[in-house]
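Two complexes, one shared chain (subunit A), two partners (subunit B, subunit C).
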Partner chain A sequence: MPQPLQIVVCAGIVPDPLQTLEPATSPSGPAIKNEMVLPAVLDPWAASALYEAAALAAKNPSKLYLVSLGPKAKLQQVMMTVAQKVAFELVPIDGPIGGFPDAHSTSAILADTIAAIPGLDRTRLLVFGGWESASRGAGVTLQLVGERLGITDQFQGVDAITLRDDGSFEVLERVEGGKHQVSICAGPPAVLGWATGNLPEPRNNPQIGMSNMRTMMPALQRAKTTALDSTTLRYVSVSLPKQQRETRIEKNMTPDSIAAELVAWIGKDS
Partner chain B sequence: MESILVLTHADESGSALTKASLEAVTTARELAARLGAELTIGIVAANPQHLSKALQSAAPRLLAVSGEEFAQARFASDAAACEALCRAAMPTIVLAPQSSRFTRVMAAVAHRVGGVIDTHITAIGGAQSVEAARWFYRQRIEAVITRDQRPWFLLLDTGTHAPFVADPSQPHAQPDEIAITAVLPKLRTQVTGFRSPKVDQQTIRPDAKLLFVAGAGWTKKQPDGQTHVEEAANLITQFLSRSGASLGSSKSLVDQGGEGQSVLPFLTHLNQVGQTGSTPRHPKGLATCCHGEEPHVVGWRFIGERRAVSLDPNCGWTRGKADVVYIADAFAVIERVNALLGKKE
Partner chain C sequence: MGTLAIPETKTMLTLPGDPIRQILWRFADRFDLQMLVQSARGVARGTVARLVAAGERNTHEWTAAKDDMLDAFDRAGITAAFMEPEEGGFITGPKNLALGLAAFELAWVDGGAATASLAGFLALSPIHERGTQQQVTRYKTLSAPPQPGEDRKPWRGAFALTEPIPYVGVDTGMLSGKVRVADWKNGAEPILQVEKRGRFITGIAFANFVTAAVNSDDGRLKGSCVVILEETDPGTFDRGTATKKLVHQLSSTGDPVFNLLVPASRIVGGYTVKDGVIVPNFNHTEIIDAVFRRTRVPVGLMTAAKLLSAVEPVVRYQRQRFRGAEGARPGSVRYEQGIQQREDALHRLVDVWATGEAASSLGFAAARLFDELDPLEKQKTAILAERGVSGGRAEMKALKESEQRAIELLKLKPGSPRRTELESDPLVQYVLKDAEANVLCPATKLWNTGHGANMMREAVSLMGGYGITEDCPGFLANKWMDAQLEATYEGPEAVQRRQLTVTMTSDVFLAEFANWTTEMRRIASSRPGTGACTLASAMNLWAWSLNYLQHATDPTGSKLYHGQRQGVTFALADALSWLVASRSQILDVVELETRGAADAVAAEGLAGTVQFLSDLCHTQAAQAAGEVSRICAELVFGYTRHPSWDEQEHRNCFLAAELEELEETMPGIMAMAVDVLQPDGSHPAKAGPCAGCAGSSEFLRLQSKLTTCLTGARLAKDRAADTVSKVMIPEALDYPAAGPA
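Entry: the complex of A and B
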């Protein structure tokens, strides 16, 4: 039986993917217009990481933390939903929202916060998160967190982890060509940046929600406020893509004529 | 003055550099020429001697980290190799392909050498300074960024430049190759192989000219009030076989599998394009039975010519995003397309 693990999931919050986004200028640099009032969700890939972590903890009794950076009010709003999915201890950081702050600053704060979790045993630590975010989408933050924590086994684009009896684990990572690379790691500590994994979103469970809320609200009240400084990153321009295509809508063609047109188009060199 | 290091690596076979690596070499040569910068190429491979031919005339200096440990794409060894190459070349700008192998390690390498990193770079420009273009919010907002701090690492999205082709008649036809030693930490991870999804055939083909996107409509009730999942699966697999297309899928269709609904048996999350999927690059894209922003906006951002077959003439997401939208039953259209493609075989 593998030893109990300590799993720390890093997850940000992002605007609901169905929202229309428009860039704007704020005193601290580029931002999303009305971002604070847009409905927000837990970052989708990081949410996969959270659900996979919970499934792992269910099979192998483990302590699960969720470290999340965002404006306190927004975090509270998102956690009302997330807290009903799986059991975890929230470690909130009150800070700015959005994809434009520098990943280097974000990773420094996350690493310091993880290192300061009371009683954290780094020899049993697995750091989870999304392999990219839906905001910055750089795939850099989690890797830098691992590097700052001195973790030398990292995996990105993870779709599965299987613990083995000797404490080692097998990881499937996405690589080019629709394949997975299979690796065996001797054991924690390790960083795993998750792709979608294989689990569906857990159903809401009010009992889990009530249990999480008992520790979540005090944690949110105690959340440290932080600023993200970047002295090196400068934005030359931030804009919406301008390309708008002239769409030809064909309502009256028969399947035969559509098929003929498509086959000719497929065969034509672009 | 800037000095540029472009990092490259061997493919799975170990006998050639990856196409993405050669694309990065092209980008680096263009940037070096524009800035008047010194250019060095770094190679990570078990046996780089076989690979340097592909880099003839590319740059005056090649640095290589070699050894069996570097045959595997693994964080600890790759990070040590890239760190050693950076410390040897002392560049101000490091370019590398956005491959799974280098994406796994390059931020850590940048941190180790006191640098900064930006990823998914689609273009590098700027008159007096180096400016890099990349997308935010899943290809919805484009930004151009610059940094003063060096070394600055830039990971280049694949498909944005032509791969470098060696020309033995040009200068630097035989560049100096210098072996660099990387100090390895204790290796705790072993790569044991590769696994393809459990499917009848490989449906993800990054080099295909056409991306075929299957939406959730394929598994919905048809005019006869029944679903026809098996027929849909046959039509799609036959189309992929005859056209050589790569298969993408909308999130809603892939998610149906997890929710216990009928789903196309060959689809996995690896096929998913869009918000939580990939944003592939193909010259052409054909979307069928899709509705929503994910396939038409996010997933199609880097598709050249775009066509769609849909029953919804009012789908707002296709307007302005697709070149042609056919309002028709995809079952009937694809069946006839398959017949026509079959005649050509």
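Entry: the complex of A and C
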């Protein structure tokens, strides 16, 4: 039977993907227009990591932490939903919102916070996070967190982890062509950047939420305020991919000919 | 760099989100309620929305898919919201606000889903309010969702009061359901035979137990009571046929038939035996009064939710209406603003939005009030029981002194030393809250659902032909139709008006109302943009009119304010409902302005949000003032017979020759006289000499003041309309529209 693990999930918050996201210039650089007022959700990639971590902890009793950087009032709002999903201990960091801070600054704060978690056994540590991000993902934050913590076994695009009785684990990482690369890791510590995993979003359970909230609210009140260094990175241009809409009113085409035209149009891009 | 600079503005940036709502509706410090909201929202915009989109409303029968919705309620904690933690719940203390919030979230998508969740609570409510401890423990524990490790289906309940016509419906006293003593062995529990036919009973398709109102048909059992029936009791438990409703199809409704043998311990609240007669501790009227005054509030909130839920789809439709057309190029006003170029479209949406805000404010104020009242009511019952007082009439008599003390408290100046003594008296506090609740509850049910249904029609009309199709985003046509049921069930509009007829004339309430009027003037002095002054003037006019009508008679000498004279009393009840809704809306915005800055998320763009919501308050206050002015004028003047051109009335008119003479001594009098008879006896072409009315000068003074108090109301509406044309909305609705599943 594997030994208990210490799983730390790094997860940011992002605007609800349904919201209108419009780049804007703020005094501190690029921003999303009205981002503070928009409803936020846990970054969906990191959320997959959290649900996978909770499933792993259920199979192999482990301590589960969620380390999250964002404005604490906003974090509190997001936690009203996330806390109902799975049991975890929140380690909040009161900091700026948005996908534009420098990944190096962000990873430094995350690594320092993880290292400072009381009683954390780093030999049993698995650091989870999103492989990508629904905000402007730099794609390197999680790797940098691992490097700063001295963790050299790192996996990205993870869809599954299977613990073995000898303490080692098997990891499936996404590779080209819809295939997975299978790796065997001797054991923790390791960093796993999750793709979507295999688990559905757990249903809300207010009783889990009430239980989480007993430690979460004091943690949010105690959260340290951190300013990220914004002087090292300069953005030349920021834009969102624009959705294309081409409307044409056709009254005399048959369904078959409409379908044929659509197939031809799709085929042009492939 | 393809970005916009963030402008410094006082315009509301986005639709009000959770942080704003939590402050407005006073649950910013209740994370249990915040979680319930998120949980209920997940079910509403997930499971429920998919059911509606897939056409599950097109069947009257209870289906497996609809049954899954109940499981989703259980898993999300909605069912458990009614229970205490020791019964399997997670919310401690009174739960009126909690149930109101859950109903609001579900009705945001579908009213039937909200009703399905409320129906279970309604079945449990008689037991919760008046049941014995044993009954409470048994049925609430059985109804709680399974805990981790438990493998059981939770029990579902139905509340059976309504019977086939001509029996109980609008008049809850006309029971045909019967209970008799079937067997009563010496020293043993009596066995009762219960016969009851129900009509339009919600939740009956899956109910494991029913709380049924019945009358005694046996000299050995006194009066009426509510009994608990279980599906496994010996006899007939026939669920009947499904009602062919045109609305709320996600709730189960049917006409059941029961003929069952049950032990007397199933009488809700228990019984005592006096002189060989079983006397229920509570008759059915006492129980349903306690139940309905609480469960009616969430129904009013359901309609409020529909109105607010209509805003986003209507804005999106209006803005995108012309996109794709040749003449609407991106960047053009036609492309960007669509129908929102037109003032009328914006103004009508402002009216819908303002009504939704006022209805929500009123409903949540009522729900919070019941949360405060619940413990006070228990305290009152305990205190009076210690004094040997129990039962409806005896309690009312015993509380007379407390009512006088409550009125004294309301009239005391701030800082009076007697204030502390009176404020710490739980009976005084109970009387105050009770008087307020007795008005806010029926006003919520009446105004939110009745006027709300009218405004849902307006919302549907703003979508054009699209509004009355199944494809309409936000299911607006369903919501419009559903609102009519919400105005009807759990006591139709006439029942609410009848209750208000009595409760709005209570001395305690009228003293509170006078203080509310002063409070509105005080708010107006520091926040003139809220319309509080307009509202205070309308409140003055209503109070004056009520007092006048309570003492006035019609030309036959009959009293005008009388229970049977519903043309007077019901109209005044309607007018009052407009006032209390507008007042609640203003108080909520004041709360937001006061507390918003302390919340980091709400503080962002707070000034713009407060400005917009204040403009909605002003718009709504003006609407309320107009309604009150119209209703009161009609009542004050409408019961005086109009003078006619007969001989007697001619004596009060000037003769033309007489006027000419007077003109020599009083120049200008000819211009002022309107009722002048010519030498040939002819008179001006109108119904008769102009009418006067005893006391009319004071009414006209108040009405004239009210009219001038409307100053600025349309400017507020213009500002609100401007915000509606600019506010940022999400790219898409967060729940599906109808279409292939």
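Methods note: the second predicted complex is superposed on the first by the 240 of 270 C-alpha atoms of A that agree within 3 Å, B and C clash if a C-alpha of one lies under 4 Å from a C-alpha of the other, contacts with A are read in each partner's own complex, and residues count from 1 in each chain.
What we mean here is this: a contact is a pair of C-beta atoms (placed from the backbone, for glycine too) under 8 Å apart; a residue touches a chain by one contact, two chains touch by 3 or more.
Note that the coordinates shown come from a computational prediction; the quantities given were computed from them, not determined experimentally.
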(message) Contact-wise, after the overlay, does A:229 reach subunit B, subunit C, both or neither (first, second, both, neither)?
(response) neither
Exercise. Is A:34 touching the first partner subunit B, the second partner subunit C, both, or neither of them?
Worked result: second
Of the partners subunit B and subunit C, which touch A:180 in the superposed model: first, second, both, neither? first
Check your understanding: When the two structures are overlaid on chain A, which partner does A:72 contact: first (subunit B), second (subunit C), both, or neither?
Key -> second
Max touched-residue count on subunit A (subunit B vs subunit C) belongs to chain B
Kindly classify A:238 by the partners it touches after superposition: subunit B alone (first), subunit C alone (second), both, or neither? both
When the two structures are overlaid on chain A, which partner does A:18 contact: first (subunit B), second (subunit C), both, or neither?
both
Report task. Kindly classify A:207 by the partners it touches after superposition: subunit B alone (first), subunit C alone (second), both, or neither? Result -> second
- Check whether A:157 is in contact with subunit B, with subunit C, with both or with neither, and answer first, second, both or neither. first
Subunit A contact set shared between subunit B and subunit C covers 18, 23, 30, 235-239, 245, 247
Residue set of subunit A touching subunit B in the complex reads 14-15, 17-18, 21, 23, 30, 32, 44-45, 48, 99-100, 102-104, 134-140, 143-144, 146-148, 152-157, 159, 170, 172-187, 195-200, 231-241, 244-251, 253, 255-256, 258-260, 262-263, 265-267, 270
Residue positions on subunit B within touch of subunit A in the complex are 73-76, 79, 99-101, 103-105, 107-108, 111-112, 116-120, 126, 131, 135-138, 140-149, 185, 188-197, 202-206, 209-210, 243, 255, 258-259, 269-272, 275-277, 283-284, 286, 293-294, 301, 304-307, 309, 313, 318-329, 332-337, 339-341, 344
Subunit A partner, complex, touching residues on subunit C are 1-6, 13-14, 17-19, 31-32, 34-39, 42, 72, 75-77, 80-81, 90, 323-324, 599-601, 604-605, 728-734
Given the complex, residues on subunit A that touch subunit C span 16, 18-20, 22-26, 30-31, 33-34, 36-39, 71-74, 77, 80-81, 83-84, 203-207, 209-210, 213, 217, 235-239, 245, 247
